[in-house]
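Shared between the two complexes below is chain A, which has chain B as its partner in the first and chain C in the second.
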Partner chain A sequence: MVDAARHPKITVKTYTNVERVEGYVGNFKVQLREKARYVRADRCNGCGECAKACPVEVPNYFEMNLAPRKAAYVPMSQSVPLLYTIDMDACIHCYKCVDACGALDAIDFSQEDKIEWEDVGSVVVATGFNHFDPSVIPEYGYSQYPNVITAMEMERLNNSAGPTTGNLIRPSDGLNPKRVAIINCVGSRDKRFNPWCSNFCCMYAIKNAILLKQANPDIDLSIYYIDIRTPSKGYEEFYDRAREMGIHFIQGRPSLISEDPLTRNLYIHSEDQALGKVIEKEYDMVMLNQAAVPQPDVDTVSSILNISQSPGGWFMEYHPKLRPVDSPTDGIFLAGACQGQKDIPASVSSGLACASRAGRILHSDEWQIEPIIAQVWEDRCVSAEGKQCGVCAKACPYGAITVEKGTAALITTAKCHGCGGCVAECPHNAITQMHYTDAQILAQIRALLAEKPEEKIFAFRCQWCSYGGADLAGTSHFDYSSNERGIRVMCSARMDSDFIYEAFRLGAGAVMYSGCHPQDCHYITGQRVGAVRADRLLKTLEKLGMSDGRFRIEWISAAEGDKYSRVINEMQQTINDIGMQQILAENAAMRPELEKRSRRMYEVPMVPEASTYSDKMVIAMSVKEVKDGK
Partner chain B sequence: MSDSPNQEELRIGVYICHCGSNIAGVIPPAEVAEWASHLPGVVRATDTLYACADSGQSLIKEDIKKYNLNRVVVSACSVRMHETTFRGAVSEAGLNPFLMEMANIREQCTWAHGHDKAGALEKAKDLTAAAVAKARFLTPLEFITVPVTKRAMVIGGGVAGISAALDLADQGIETVLVEKEPTIGGVMAQLNKTFPTMDCSI
Partner chain C sequence: MESERPLTFADEVRAVPGGEHLDRCYSCGTCVSRCLIQQKLEPDYNPRRLLRMVMLEMREEAFQSPTTWLCSACDLCYSACPQEIHISSVINAVKHLAVKAGYKPVIQSAKVNAQTCVGCGLCEQACPYEAITLEKTNVPFRGKELTIAQVNAEKCMACGLCASVCRSTSIELSTAAPSEEFIEDIHSWMMKQRREVAA
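After this line comes the complex of A and B, so read on.
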């Protein structure tokens, strides 16, 4: 901690929130809000006279609210920076701190939040995790029985820098407990709360047990566990040491903690798998080893940085094995437990890995980005003819498009991230996207629906989420119907209505319109542009007489392989339920209207080759129609 | 303009990867290659044991020269796995990297349809055909080069953030470490001793 603050190349900004992140790899702009401390950082010397003078006491969250702090405070004596803060929610404006500070004159009640922008080439996200609140588990009585405490409360009570200077006492009577139980997997591996193993708690239980046993060899210590997991270097040996010290390990998840209201002692009711029977044991104190859970503000952070979340709310890495610290956004990296539950060695390793990954970029003078950007056909843009339009500019999440009457829309290349929203929204087909042109996408749709289209489930997927979801379905070997045929575009914003019309015009059995969940969108609001269009499409297709379920809108993250396979299988079931006759009849009935609607696709300036290709497809279709007797 | 007229004769090479038994255990890659060889514009189609291995990449590079290929389609795994690999391979042979297109016949085909071999084969053919169809319209593109601001930001001052910031700074990179609380340290600072070595947390 101190090394970081002292390092000449590091600027530490505490009490500061990140509010906005703009830009792209090598060129991020980050808006910070430095909250008012009401203490001048350039004058405060950390002497603490203000806190001594302050008459207000509030619970100190740093001590898990087991001890008070003043309204003028530092969270702990080793705070870095050692700089006092006045908690304005608690302050009664008596100004005793101002007097106590005296000539130093560091207290400044006129201070306001400071907004500033930082230019950086790379961002490492290390926003950490939170502890599960066990008061939602009724059978353990936390917050009801004073001697049932959490792991973090134990941490402070057992800490020489904590409120009791490391003297472990019972909250009910201040006596030293003689019989202590630790219950593992509280909120972890419990389908009611969190399905995951929280990774570090087995070791954490053993650590606390060893510390307590070392401090008091006569203490009776039991750890209730489902499995003991000690897979890292030196961990199993640590577990052996605990057993040799006489710590009891009881395999079983306690079903109930009850309290003797007179003694405030606790009874744990549990199965003991080694004995094969139900046991009930009395303790003076019980520690609940809480699950690690994502931070409560994870949704805000993920939308500021456009990082997807895995199920449960951990940040999603680009690839679980090959790029474990990369976020899907080039130049943004994930360190520590924000990406998933980690112990200290794993957190440090991922932090160091991020430094190396970011260093790759930051040691380069230039960085290359994919040229998958939008371009305007100036002769097609109606703005150039002096007409009012600007639809493209409205669809752009990055403000990259300038529209002025009399000139064609102008796209600033450096600002364009290549979602393709403007391309699909443009009512005049005046914008194209490099590497994802209309001609390229239509060619794919036509190739995939060339044979038995009515049996096919056509899936439009975005590069970042639903394509990743489909990958994960495969990696996890979740079988789904092989009638699925999918293409990939960068964002659901690129999924032009005409592509969907074209898929149905060609006779698709069902179409899925899929992309990221709104908060995960890689292009800020791209998904919303896509979602609005998809809802409109659904209504149109319903009006045209299409059966329910043949067009589905599904937001599937890269972590939801199970959802991808389930949705495809459900769509297969829908096709089966509706029946081929009905699908063919609906398609035939819809075709004239679809042809009218998707006619503009043929206006796309295609290479001569492309028209030959589409002609061939049209011919192939007519042949098929003849065969089908239409 | 990516849809601008492009009159050159198409010479597409198609490579169907076995990926050991990951793909070949479900579908016969040679059959897909034989089928793909009849697609319009395809002048070379073959199967390969591991397209991503040196031997597979060499084959593609040699073929680009031998058959004068101007588009390459690799039917193998996910683009998230090896798009960069194959873009690199074709550009080493002098072809623009954006003239390479992949079909995902592993994650999104053989791995998902292991129990439906006939269906998987049909799908692998279709995915390959779609990649070939797209390849017909590919145009050469250049990467956009952007300048790099040689500063880093680390959001969160816990043990992971501090480690990242220190290492970046030791590399000589100016680093801003942002923490929402009044002190850095995170959960680590609240801990007593740490396992398994029982050293102090701060």
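After this line comes the complex of A and C, so read on.
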């Protein structure tokens, strides 16, 4: 840290919040709020005279509130940069610190928050994790029994730089505990609080137990666990060492801690599964090994940076295996435990990976993206005519579209990932997607429904999930109806209502609208855009008199080949049950309305040409007819 | 495609309402050390082990296990279970299958005296296990058919609440009352708990 602060090309800004991030990969603009320290950074030399003079004492968060600090303070003695800060919530304005500072004149009560903008090429998020507050678990009695402490409190009590200078004492009477228990999985692997395994706590419990045992050889130590997970190199050997040192490992999750009100000793009730008995053991002190949870302000950070969150609140990586440190927004990277529960080696490796990913951007003049991007036809965009619209900007998961009245919607190409949500949402067909234009997709629909459309099951599949599912169904030789005809688009967000209307207008027997499961979407919220539209479409089609089951919405992952074949077979069964006569009759009844609805399509450039793709195609209208208003 | 396989014991338990969360159990043992019946009555009582028996197809062992028959559905374990399994429901599902297979509950259920029961329904409302229902008889009574209380032996836990609310003293429990020592034991345990809460 000291090296980083001294490096000529590194600026360390502490006590500073990121408030806004604008721009795109390589060209971010970041708004920073440097909070007022009431101490001038250019004059303070970190001597600490102000803290000595300060008469106010408040709990020290760094010491887990086990020790006091002054209102003029540094968070910890190794702070970088070593600058004192005055805590205005606690300060009583006695100005003793000003006198103590003397000729240095570093204290400045008139300081205000400084807001500045910085140009940066990439952003690395390393906001870390928080620890779970075990006082919400009633049966463990934390905050009720003084001798039940958390892992972080133990960390300070057992630290030579801590409030007790490493002398392990119990909070109730200050005596050295002789019997200490460590309880694992407090708040983790617990559906009532956090369903995840916090990854590092088994090793952490063993580390603490070994440290305690080394410092106090006659101490009796037990670790209560559900499963001990020591999967990395050298970890199991460490576990072996702990057992050889005489630390007891008890398999059984304690169900209750009760306290002797006189001695303040604690009784742990648990099953010992190795014994097959319920045991009740007495301890002087109990340490709760809490779960790792996301920081309390993850929602704010994720909305500032426009990065999505996994279930539970951890930041979502682009791909869990292949791009583990990239966020879905290009140029923003995730280091350490903000992305998920990580121990120190894993956090360091992800930090190093982030540095090299970020360096890649900073060292190149050009940035390559996929060619599948959205483009605006400026003369068709109603925003250019001064009308209120902005539908495209709402649909974009990446915030790549800016809409201002008077000018056409502007797509920042470097931010566009090519889901096509804006293309399908635009009510005026003013946006197109390269390589997946309306004309190309319509031509595919028409070609596939050219013959006996009423027998066909037409499947719209998204590139990443349901197309993969269909592929897997094929390569796994799962049987499904040969009447299935499918096309690929990038995302379910691209499946324009007009495409579904067109498929039914051409007489399709059934249409499937498929994509990723909501949490798997490769375009952050693309699936949600598609799902909302699909639900609306279903209602519309039902109103037009379509039988149940002819339009089906299914979310199928790339691993669900069996589901794909099952759904197609079920749809075939539905078609058989409804009967060909009924389908033909329904199609004939729906057709006038569908024609009216898909007419707008013909105003899109290239679509009229595409409509003459094949002579055999059943096309009721030509461009001229549309223009004539027939 | 889905293959046809014979139903396992676990499948049968899952099929009974309440038994569906069986597989969530990761054998942490919280329920066992939480259980009052285990502590006060029967050291062999072990819900965790019963769930393992179900998963490992140990049908007869599960039906003969005291856990199947002694659970009073107090749900102390449910509030502490980290996997949110409603354990008493799972046990109840096993009990249901055991009764179907011809096993008899070890607890003597409450008995209704059909001669004196007036069918007021107080006991039905009082029963925490929904073991009492009012059934019609062929006896005419004030222009209608007389209804009297019937006890479902499978559900009855012989707690005695029905007998205590019955105005016509028509319900009796055939089990002997617990010894004074046992009541004293439970009482002192409860007082200890109360003191702890107060402290």
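Everything that follows uses one rule, which is that the second predicted complex is superposed on the first by the 379 of 630 C-alpha atoms of A that agree within 3 Å, B and C clash if a C-alpha of one lies under 4 Å from a C-alpha of the other, contacts with A are read in each partner's own complex, and residues count from 1 in each chain.
Simple rule for what comes next: a residue touches a chain if its C-beta (ideal position, glycine included) is under 8 Å from a C-beta of that chain, and two chains touch if they have at least 3 such contacts.
Here the structure is a predicted model, which is why all the values come from computation and not from measurement.
Chain A is touched at more residues by one of its partners, and among chain B and chain C that partner is B.
Of the two partner chains, chain B is the only one touched by A:Val120; chain C is not. Using the contact criterion defined above for the overlaid structures, shared-chain residue A:Arg446 touches chain B, although it does not reach chain C.
Residue contacts after overlaying the shared chain place A:Ser143 against neither chain B nor chain C.
Of the two partner chains placed by superposition, A:Gln582 touches none, neither chain B nor chain C.
Applying the stated contact rule after C-alpha superposition, one finds that A:Ala358 touches chain B and leaves chain C untouched. Contact with both chain B and chain C is seen for A:Phe478 once the two complexes are overlaid on the shared chain.
With both structures placed on the common chain, the touch criterion links A:Ile373 to chain B but leaves chain C unconnected. When the two structures are aligned on the shared chain, A:Gln573 is found in touch with neither chain B nor chain C.
In the superposition on chain A, contact of A:Asn167 is made with neither chain B nor chain C.
When the two complexes are laid over each other on chain A, chain A has residues 478-479, 565 in contact with both chain B and chain C. The part of chain A that touches chain C in the complex is made up of residues 139, 185, 189-192, 226-227, 251-256, 258-259, 261, 269-271, 273, 277-279, 478-479, 562, 565-566.
Put simply, chain C touches chain A in their complex at residues 1, 24, 26-34, 38-39, 43, 46, 48, 77, 80, 82-84, 195-196, 199. Listed in rising order, the residues of chain B touching chain A in the complex are 1-7, 10, 40, 78-81, 98, 104, 106-109, 111-116, 119-120, 122-123, 126-127, 129-134, 136-139, 141-198, 201-202.
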